[in-house]
Every structure is written in structure tokens, then in C-alpha cells.
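In the two complexes below, chain A is the common chain; its partner is chain B in one and chain C in the other.
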Partner chain A sequence: MACQGLQKGETLESLKRESETLKKKLEEERNKLNDVELHQVAEKVEVLSALSIKTRRVLKGHGNKVLCMDWCKDKRRMVSSSQDGKVIVWDAFTLNKEHGVPLPCTWVLACAYAPLRSLCLIMNGYLGLDNKCSVIPLSLDKNENLAAKKKSVAMHTNYVSGCSFTNSDMQLLTSSGDGTCALWDVESGQLLQSFHGHTADVLSLDLAPSETGNTFVSGGCDMKANVWDMRSGQNIQSFESHESDINCVKYYPSGDAFASASDDATCRFYDLRADREVAVYQKDSIIFGASTCDFSLSGRLLFAGYNDYTINVWDVLKGTRATILFGHENRVSRVRVSPDGTALGSASWDSTLRVSWSFSTGSNYIFRFIKLLFWVNSRLVLEFTVAF
Partner chain B sequence: MTINTLAKGGCHREQMACFRKMEKVIVAMQDPDMGMKMRNQRLLITVIPHAMTGHDIITWLTHKYRISEEEALHLGNMLVKYGYIYPLKEPRCLVLRPDESPYRFQTPYFWTSTRWPASELDYAIYLAKKNIRKQGELMEYEKERYSLLHKRINHTWDFVVMQAREQLRSSKQRRKADRIVLECQEQAYWLINRPPVRSITLYCIQLYCVVHIEACRKALGRNRVKSSICLEGFLKYSEQYLNHDPIMQGCLPSNPWISDDTAHWTMNAEIVPVPTRLRVERWSFSFTELLNDAMGRKEFMTYLEKEFSAENLYFWQACEDIRHGENSKIVEKVEDVYKNFLAPGAARWVNIDSKTMDKTLEGIKRPHRFVMDDAQMHIYFLMKKDSYPRYLKSDLYKNMLAKAIVPQETKKSVFPFMRRQRHSSPSPAQTATQAAEEEGLAKGAGANSAAGSHF
Partner chain C sequence: MTTVFFEYTSTFNLGEWSLNSPLKYSSKRLFYEDIFSPKTITNNMTSNSNLSNMRRLVEQLKLEASVERIKVSQAAAELQQYCLQNAGKDALLVGVPTGSNPFREPRSCAIV
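Then we have the complex of A and B:
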């Protein structure tokens, strides 16, 4: 530990003290308007009927850990990137592989679809020499050499951990291990804005679905989740209640709140208008960190993927766990609900992707009950259904 | 978890959190009152004391954490995989079997968390030894580290002191010369290799403090909303969108993933001749929903044309294009917008208040991506507060809603009949049970009639 001279030690102590006092004051301010808890308000909401979510599609084709996946706007295609250096575009509905883009280096950390047709990839070269983010215009022509058309857009001084297109194909937002986020112009590769404030690696970011569309949230290894104004580069709000690295942040569909998944094995829900954490999703039996999370379309459910290979589904309002999904044979690296909310896609270090959906609608129960009757006595049920 | 350490071949920093949690579970399992019941297990001819069966472990986990057996098996498997519990029968097979297979707890000395290079545990034992031997004559920094370690690995502190005493006792049995040499070597090792507390310099800590203080000060001045109001908002939102959430309520005609029928997607494509009812209803939830849907936007535009205020929407669209478009085209786009919407006598002149107009015109002299923001915001809220509510009450919208399709739910009754072939001839042995079940079902059929009509 380097000691930079005793005179600095004096000011450091007073700085630390001031920092602590202000932190306490802030907590008090936040608590003044804390008149009720989320689970109390949610008592009048109906309890969720038993959710039956099953995994019914397994996409095999990657040779190594699948690090990231994203859905396409057409609600059935998805793109996935893996440590084997391949990026595959799947038609998850038919299990067809539509494109395979081989890339020169191995660590393809993330991929994201742009609103129109481009695909964004984050590649970190072997031994971290790359630190780049590239954009590939995706076309349905299978003969095109897509890898050759890739265009390097972002450059950071450390690995790039997450990327997201803003409302168009023209701007890209990235988060990096160098502790900053940055906004880039895709066409020129120019840096439009940079966001400083995290004191450690930034691991994830998400754009706000708000009317003005000007903010985004980022989470990092300093256990903080920060909300930024894209235009000015200012840090608008900051939340620090996690006990370990925040691996993923995701906005609630209305844009008034966001959820975060962390290595401390909890997911937390933060309200932006009340400026505080309003729910913690945890259980004593959940020991391993959560690496990813996403909301269902109505925001009632939160799907979170954990390092113990499971996906826990939380009731956002009541704070309880609705159900748990087993199936993956290694860490779940990414979960994403499809754009129209019909299915859940998950990617894992076991080199597969899985698609799961819910079977729990009223008519399904009737269908299953009828099936059960068949097992008992087929002829009687035939007569019974013919009558109706 | 950051990939920095992974790339440099270092240890997974994030593992510490889950190892600590696993150790908590193990310690709870060994609690004399609430922990597991241990018994002597027989392994061939030898009797192993303090062992437990796989079945017992799963039962204990199920009760303690109120989880299902499947989850308890999964959790127990993790504990075995990371070495906190080891199997006696097949030591190389690290799987938890839910039967009478015997397992034992691993001693803390070999816990995975203690296997780090220059581990804190070893260092703690060393410091404890020194403390006991020299009766509190530790150096300043050693005293600091000792108390820090005492806080950090408190749950194994008894073990630390016990190990220190054992090692001291066994060292007393050595010759004095050897003992002194060993002590010097150990001291030299720890002087160089003591595990670091933090790897950032003093200057960085200072910087972080300043940044943190700045952020806190700004945050104190924020306007906050009462929790009860904010939280009600979530309830309302979830309720409003409940019918639109396929995972919660299913979707019509059927979820394509379940039925292999893509009708749902075809009916809800971007542009369709007749939209579904749910989709049209959604336009009434918020102005953003209407604008985000291509069909909704088109309908709204038609309405505005009737009201002679379509220029507002055209203006808004042009501003969005500037905001999200290519950097190189900004100047020319701003020019176009000025010519078409803002210049006096423009074809589609928009009505903005004078203050905003002045500010925008000033900004146009040096055009940038966000120069139209204020004007765009003004027009957006104008449409939202005025035109949008009137649109929802208009005949145009009401007709759309009336015309909208409500898809029929797909009937699934065909399939069971096909499978019926397998059960066509019941064996004679079943006829007795069949008669009994017929009776039971006759009673049930009355109740089922209501259910059956849902087909």
C-alpha cells in the first residue's frame, strides 16, 4: 500500500467522515417519504395462480459457452454469441440456424439487435487486446461474407462489457471495464458523449423506455447503479444497496423503475421517483449470484438467471418467488423475454440456448384435465365429449 | 463478475460471496441443536462416526429453507460439488444421492475458500501464533490486520486459535535451533507475502470520496415522490397490461410456441388490414403506446389531418429523425425542418410559444443533434394533452375498436382422439376397476359439463 505523504492522510480522514455523514443524511431524506412498502401495497393484488413454465426448445450448435443472446423484432429469431468465436442467428421457432458469423477472436462478449437490421457485437480479443465494439449490417443473403462487412465503432481502454442501440441503428451505447459508459455515432465511429462516475468496471446498461428517451441506467463492480442523462453526460441518480458486483440492470416496462441482478444472490427493485430501493428478491436457499434479469411484458414477473444453473421467477409486486426453472447444465449467462412477451429465451455456459413459455391459461387446465380422463377410461370420455 | 481477473488467470473474486453463504449453510447444519442428526455409518467393516445420509441432508434442507425436494437436491449437489460435504462410498463421484449413502462434513482447513494463495486464514493463524507467543507484541500494521481479519473471518476464529495453539505445541517439540530457523523463515515469508487489503492507492480513495460527496450533495436536493403514490403506479401498470402479457394470461388465438401456429404473429404484424382488439385497446393506455405502433401512428395522423393539425406530428417525426439519425446528416436535416416547419410562411408551420421559438432559432445557427429538443417537447406535450384525448373520444377510434378482431381461441380437441387408439381394448383384469370408475366418473361428469363447454 503506497502512502502518499502524511499531510494527505489528514484530509483523507475528514473526507471519509464527510462522505459517511452525507450518506447517512441521504438515507434519512429518502426514508422521510417512505410511508409504505411494496409488498404491503401489493397485498390487495391477487396471488399469482400456479405458473407452469416449461422449457420446450433447446438450441444446440455452439461449441463453447454462450455468453449472450438477444431477440429479433420479428419475435421468433434470436442471435447468440459464444466463446467459440461464432455468432449464430437462429430461427428459434423452427430451430434452424440462419446465419453463422465466424469471428477471428474468441471472446465475443455480447450481441444485440438494432431496431432495423444491424447487429452489434462486442468482441474482446485474446488477452484483451481488442476492446472494440463492432456493428454488422445483417442481411438475409446467406452468401454475403458478413464478417468482412463489420465496422468497428467503439473503443475503450479496457474490455467492453455491454452494448445497446439507442432508438435507431445510428447510435450505440457501450459500457466498459474501464469504468465508463460511452455513446457513439455508428456511421463515423465518433464518440458523442462519455459518462464518468463509476469507480470500478461497469458490467451492464439498459435504455429507459420513457417518453423522452434520454436516460439509461448502468450497474457495475462498485455495487452502484447509476442513472445518466444521455444528452449532458450527467449522473442523475445513484443507488448503492447491493453487497456485491451488479451484473445486470433492466428497466421496468413503464420506465419508472429498474431491477438489478447481483453476485450477492439478490435481485433488487429501485423506484426512480421515490429515489430508493423498494424490494429485495432473495431467499436463503439461493446462494449463488444472479447474472442476468428481465421483466415479463406486464412487469409482474422478473426472470433472473443464476450461477447455480437455475432461473428463478419472482413476483415483482409481492416479492415472493413464483417458480424455479431447472434445465441448464451450467451458468445461465442471459435471459430475455421475447419482444411480444410470448416466450423466454435463455443462454448458458453449457453451450445451449433454451426457449421456455407458460402453459398456465384457463383453457389449458381444461385440456389437461380431459387428457387425464383418457388415462382412466377412454371410451367413457369419448362419449362425454361427443355429447358436447 | 469482471472478466479482468479471468483473463489474467486470477481467482474468481466473486466466488467469495457464495462460499461464505455456503459455509453459513454448513455451519447451520452442524449446529448442535437445530442441525443435522449425525450417526455412525457402516462402511464395509469400519464404522465411521459423525456421518449422515444423503436422504437426511435433503430432508434437513427442505425443512430449513422451506423449498421443494427438487431444489434441496440441487442445493445439496452444489455443496458436494464445492467440497463442503464429501461422499464416503464413492469419493470420486461428487453427486448427492437422495438415499442411504453416507456423507461427511469437510474440515474447515480444506474448505474451498481457504485454498487461495497466501490465504487470509493461514495469515490469521500466523498472527494468532505470534500473539500468543509474544503476548501481544505485534507490529502496528500487524495489529491492524489482526483485528481486520478477526472481523472478516469471524466464523472460523475458534478454529484459527485452535490451529495456532496446535502448531505452537508441536513446534515446542523441536530442537531450539530448528525452532528459531523456522520462526525466521515464517516471519520472512509473511513479510513479503501477506495478503493485500486493497490494491488501490491512497490517492484513488481520496478521489472516490470527493466524487461520492459531490453525488450525495446533489442527491440531497432532489425532489422525491411519496412511496405510496409510486408503488400504486406499479400495481396499476401491471393490472392494465395483465391481459397483454402472454406469460400470465396466454394469448389469442394461441401462443405460437405451444400450438406451432403462427396465426398470432400474422395477426399482430406491423401493418395489417384489421388490427386485433387488444392492440387497439393498448393505444388508449398512453400516448407513447400509440406513437410506437406504426398502425396507431398512421391512424392518429389520419385524425390529425381531419383536424388540420397534422403538421405537429410531421414535425415531431422530423425531430426524432434528427435526434436518432446519422451525425453527418444533422445540418441538412435541421435546415429542412426550419424550412418546412419554423420559417415564417412555411408550408407546415407549427405553433410554438415565442420563448421556445427564439431559443430554437438561436440554436439553429449552430445546429447540433439536440437543437430541436425544446420545440419537439413542446409539440409532443401539446399533442398529448390536446389531440390525443380527443382522438380517443373520436368516431375514428371508436370505429377502429368496433371493427377490431377478437381472435377465436384455437380448439385443441383433435389431438386426444388420435392418441385414443392405444387404449382401445382394455384387458379383462381392468373390467372390475372400470366399473367402479364409471360410477365415479358419472358423478364427475355432471361437474365437468360446465368445464367441457369451454371447448
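Then we have the complex of A and C:
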């Protein structure tokens, strides 16, 4: 393949010129349809009322940086992986640790829950030259040696940076530092499709949310975000407007757009049908890179974790910052909204995880009144029982 | 393949530095000259693979230019509509009743 000769009249220069003209044409086509900005369209939308999202739970238990976390589909369990080589499954409300899996490798970069079965996916980083992605089936029996049931599924030539089960739960999509993404069959470990096109490490990927969807978006160190067709392996669309590495990409809940978080201290919002960037979320006071991002259930809020230890919450439509969450004492490595949108989980290099949710202020007074009623009631009951 | 392995181990053995920064800084940035085969060494191969790369790039650009697009105003309006439609269900936006467990199934209270 590499030894194909020159075709008639084709030279490296002519191809370069052709690619330049095509790039310009692409820009022109995209700009023609850029008739208005997203925040202008959203001017008529009500400004968000003050958000009362606060950290309600702090999960301590890891001995070192927490590199990754994910929610379980039962909406209350979380799985987290840390540089101390442990993967822990937590109950987010009661703070119980349900499982703890020690692994021989310390660079467990990512983990995820399988959508249908209670499979926990763990990825091994490359200390020990293990550029593999392994799957571990979880069970309720705490005495089982879970690490022994580890099954190696994917294999890359460099570290594996991101992973995701597909909708069917039988296939695994991975992204790697070798610049490729790959689709694997979980049972046989076979490579089904590989995706080439990035010219540097691919740092993150996200699957389209629809049930029938078969596209995914990946972002990498070449500052590009590419949208791929899973069946053909083709790169459908490519977006290059970031000024530094893209650390995280996430689809909008409707599947028509996606956001990316980058080391250039901005998050950007791209629409797939308009084929261009429609919003940039940045502030002069934010100079540290964003390492992770996620949307709320309705897509109105974009949570982005930064290397300055904060989580900025952006109003997606208006392009302004809604609020800022403090609390972590080191870089925020991952933020994830729970599957039903009730809570936000964040993992950090300060070895803790935090779960935050919002209480509606309106019901505060009603709640207090009801609490008072119950107290009065219980006092009366006490009086009666004492009398008897 | 073995050579590549040694390159990676040598960059990693920088000890403390590599453990305190994201992994991407300790791996080599790979610039593919020929995507479908391992990095080649001879000059002949390099010029041919540059050519095939350029050809691939041109094909890719043609494909991207032919994508069907809609106006930003229409796309933005649809995004906004989705947001507003689902805003009521968004617990991080609206909030859960104070003091309650957000992870419990929502139950309706009946006053007896």
C-alpha cells in the first residue's frame, strides 16, 4: 500500500494545494450558515435562578489520587479508581464501600459500569507495560476473589485513555495514546473495528446517547475532535478550534451536539448538524486547563472540572458561568452526573470523591413546618405513653 | 516493535515527575507517516507514505465538505427547545425537596 506510485499529473505539491483549497472551501461552507450566535438565540430564555448545588457527601477511602469515577446504572452506586491500585464501589448516599478490588497495576486510568449487567470495567495504565483494558464481573458475594476473574479484552500499543461499553453491552470502545480508537468484542476479545485519523494521543471518547446511535466522538492531543461512524470506521466530521489538547468530550443529552474541555482553559460547544462550534465557555480569570466535563440531564448546565481545583458550572445556552463549586484540594480529575440527573459526582487528585446535589429552596419552609408538626406529634405520643 | 517498547520505558523511568503529571506527558506524541503499518525507516517508503497520507487527507476533506448542514439559528433553536422541555425533570436545576434522599425512588405522600 505504501509503495503505490504517483498517478498521472499528481504530485505531493498538487495534493497539498488541493487540500488547502478544500480546507478553505470547508470553512466557507460552514461560515455561510453561521447566521446567528447561540447566546443571541437564547437571549429570550429566562436567566437561571441561583443554583443551590453544594457538596453533600465526601467519600474518603482511597490512599492516593482518584483518577476516574463513574456511576452505576442503578443510579446510586459509584465506582472509582485510584493511583493506589484500588477500585472501590461506593454507595453514594450511605457512603458504604461495597467492593474493593486491588489490582497489581497502579495506573488504573478509567473505569465504567456496563449498562445492562453489573459488570465493572477497569482499564490498566501502562506501568508494567500493560496497555490493556480488562473487564471484571462483579458479584454480591464479598468473599469472591474478584481480581482473579479479571479478563483482558483490549490491547493497544500505548496507554489506554478512555473506554466505554456500547449500548449492547457486548462491545467495548477504547481510545488510546497510540492515536487510535478501537471497538472490541467483550467475550472473545477480538478487534472488530479500528479508527485512525488522530495524529496524536486520543484522550477521551463518548458514545452518542441514542439507542440506535452508532456514532461516537473522540478528542485528542492534536486539538481535534472527530466524530466517527462505528460500523464503517469512517471519520464523519472533524472540529479543530481548540488551542490545546482536548481532555474530555461529552455528548449533549439530545445527541445533536457535544462539548469539549481543553488545556487552553476553555470548554467549547459544537453542533453536529450545523457542523461548527456554536459557543465558547471561557473567562479571563480562568487560566487553568479543564480536564473533564459533563452535562446535566436537560443539557442546560455544563459542569467542567479544572486544574485549579474548582468545578465551574456553565449555562450552556447563554454562555455565562452559573456558579462555581469549591471544595476539592487538588485537581479535579472527573465529573459525572448521575444517570437520572439527580446528583453530580466528582473525583480529584486529593484522593476524595464528592457528591453534590441541589435542594430546592422553595420547599425549605414547608419542610421545616412539617418537621415541627412531627416533633409536636411525637411529644404528645410520649406524654400518652408515659401516662399509661 | 521491541525498539518502540524500550523507548516508552525509558521516558517513563523519570520517576517522580511522571507519577505526578497526567500520563499523556510521558508518552511520545506519534505522528503517523503511514497509518496502516508500523513506523517505517527507509527514505523511499517515507516519500511514498507522505503521498498516500496526502491522498487520504484530500479524500477525507472531500468527504467532510459534502456533509449536509443546517443553519446555526435552526440548530440553536432546537437545542434551546430540548433544554426547556427537560428543565422540569432536571434535579440539579430545580432541586430535590430539602432534607430528602435524592437517590430514593420518588414516592407520593398521602395524608391519612
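As a working rule, the second predicted complex is superposed on the first by the 327 of 388 C-alpha atoms of A that agree within 3 Å, B and C clash if a C-alpha of one lies under 4 Å from a C-alpha of the other, contacts with A are read in each partner's own complex, and residues count from 1 in each chain.
We adopt the following convention: contacts are C-beta pairs under 8 Å (C-beta built on N, C-alpha and C of every residue); 3 or more make two chains touch, one makes a residue touch a chain.
In this text, all values refer to a predicted model and were calculated from it rather than measured experimentally.
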item: Partner chain(s) touched by A:C221 [first = chain B, second = chain C, both, neither]; value: both
item: Touched partner set for A:E187, first chain B, second chain C, both or neither; value: first
item: Contacts of A:S168 with chain B and chain C, given as first, second, both or neither; value: first
item: Touched partner set for A:L297, first chain B, second chain C, both or neither; value: both
item: Which of chain B and chain C A:G179 touches, first, second, both or neither; value: second
item: First, second, both or neither for A:V278, with chain B first and chain C second; value: both
item: Partner chain(s) touched by A:T157 [first = chain B, second = chain C, both, neither]; value: second
item: Which superposed partner A:V47 touches (first chain B, second chain C, both, neither); value: neither
item: Between chain B and chain C, more extensive residue contact with chain A; value: B
item: Chain A residues contacted in one complex by chain B, in the other by chain C; value: 1-4, 12, 15-16, 18-19, 22-23, 25-26, 29-30, 33-38, 41-42, 45, 48, 51, 53, 75-76, 93, 107, 109, 127, 158-159, 161, 177, 197, 199-201, 203, 221, 235, 237-238, 245, 252-254, 256-257, 271, 273-276, 278, 291, 296-301, 316-317, 337, 340-344, 357-361, 363-364, 367, 371
item: Chain A contact footprint on chain B (complex, rising order); value: 1-4, 7, 14, 17-18, 21-22, 25, 61, 64-65, 67, 70-72, 74-75, 78, 196-198, 201-203, 205-206, 208-213, 215-217, 219-220, 222, 224-235, 237-242, 244-251, 255-258, 262, 264-265, 268, 287-288, 320, 324-328, 369-370, 373, 377, 380, 409, 412-413, 416-417, 419-420, 423-424, 434, 437-438, 441, 445, 448-449, 451-455
item: Touching residues (chain side chain A, partner chain C) in the complex; value: 1-6, 12, 15-16, 18-19, 22-23, 25-26, 29-30, 33-38, 41-42, 45, 48, 51-53, 75-76, 83, 92-93, 107, 109, 125-127, 129, 157-159, 161, 177-179, 196-197, 199-201, 203, 221, 234-238, 245, 252-254, 256-257, 271, 273-276, 278, 291, 296-301, 316-317, 337, 340-344, 357-361, 363-364, 367, 371
item: For the chain C and chain A complex, residues of the former touching the latter; value: 4-5, 8-9, 12, 19, 22-24, 27, 29-32, 34-37, 40, 45, 47-52, 54-55, 57-58, 60-65, 67, 69-80, 82-87, 89-99, 101-103
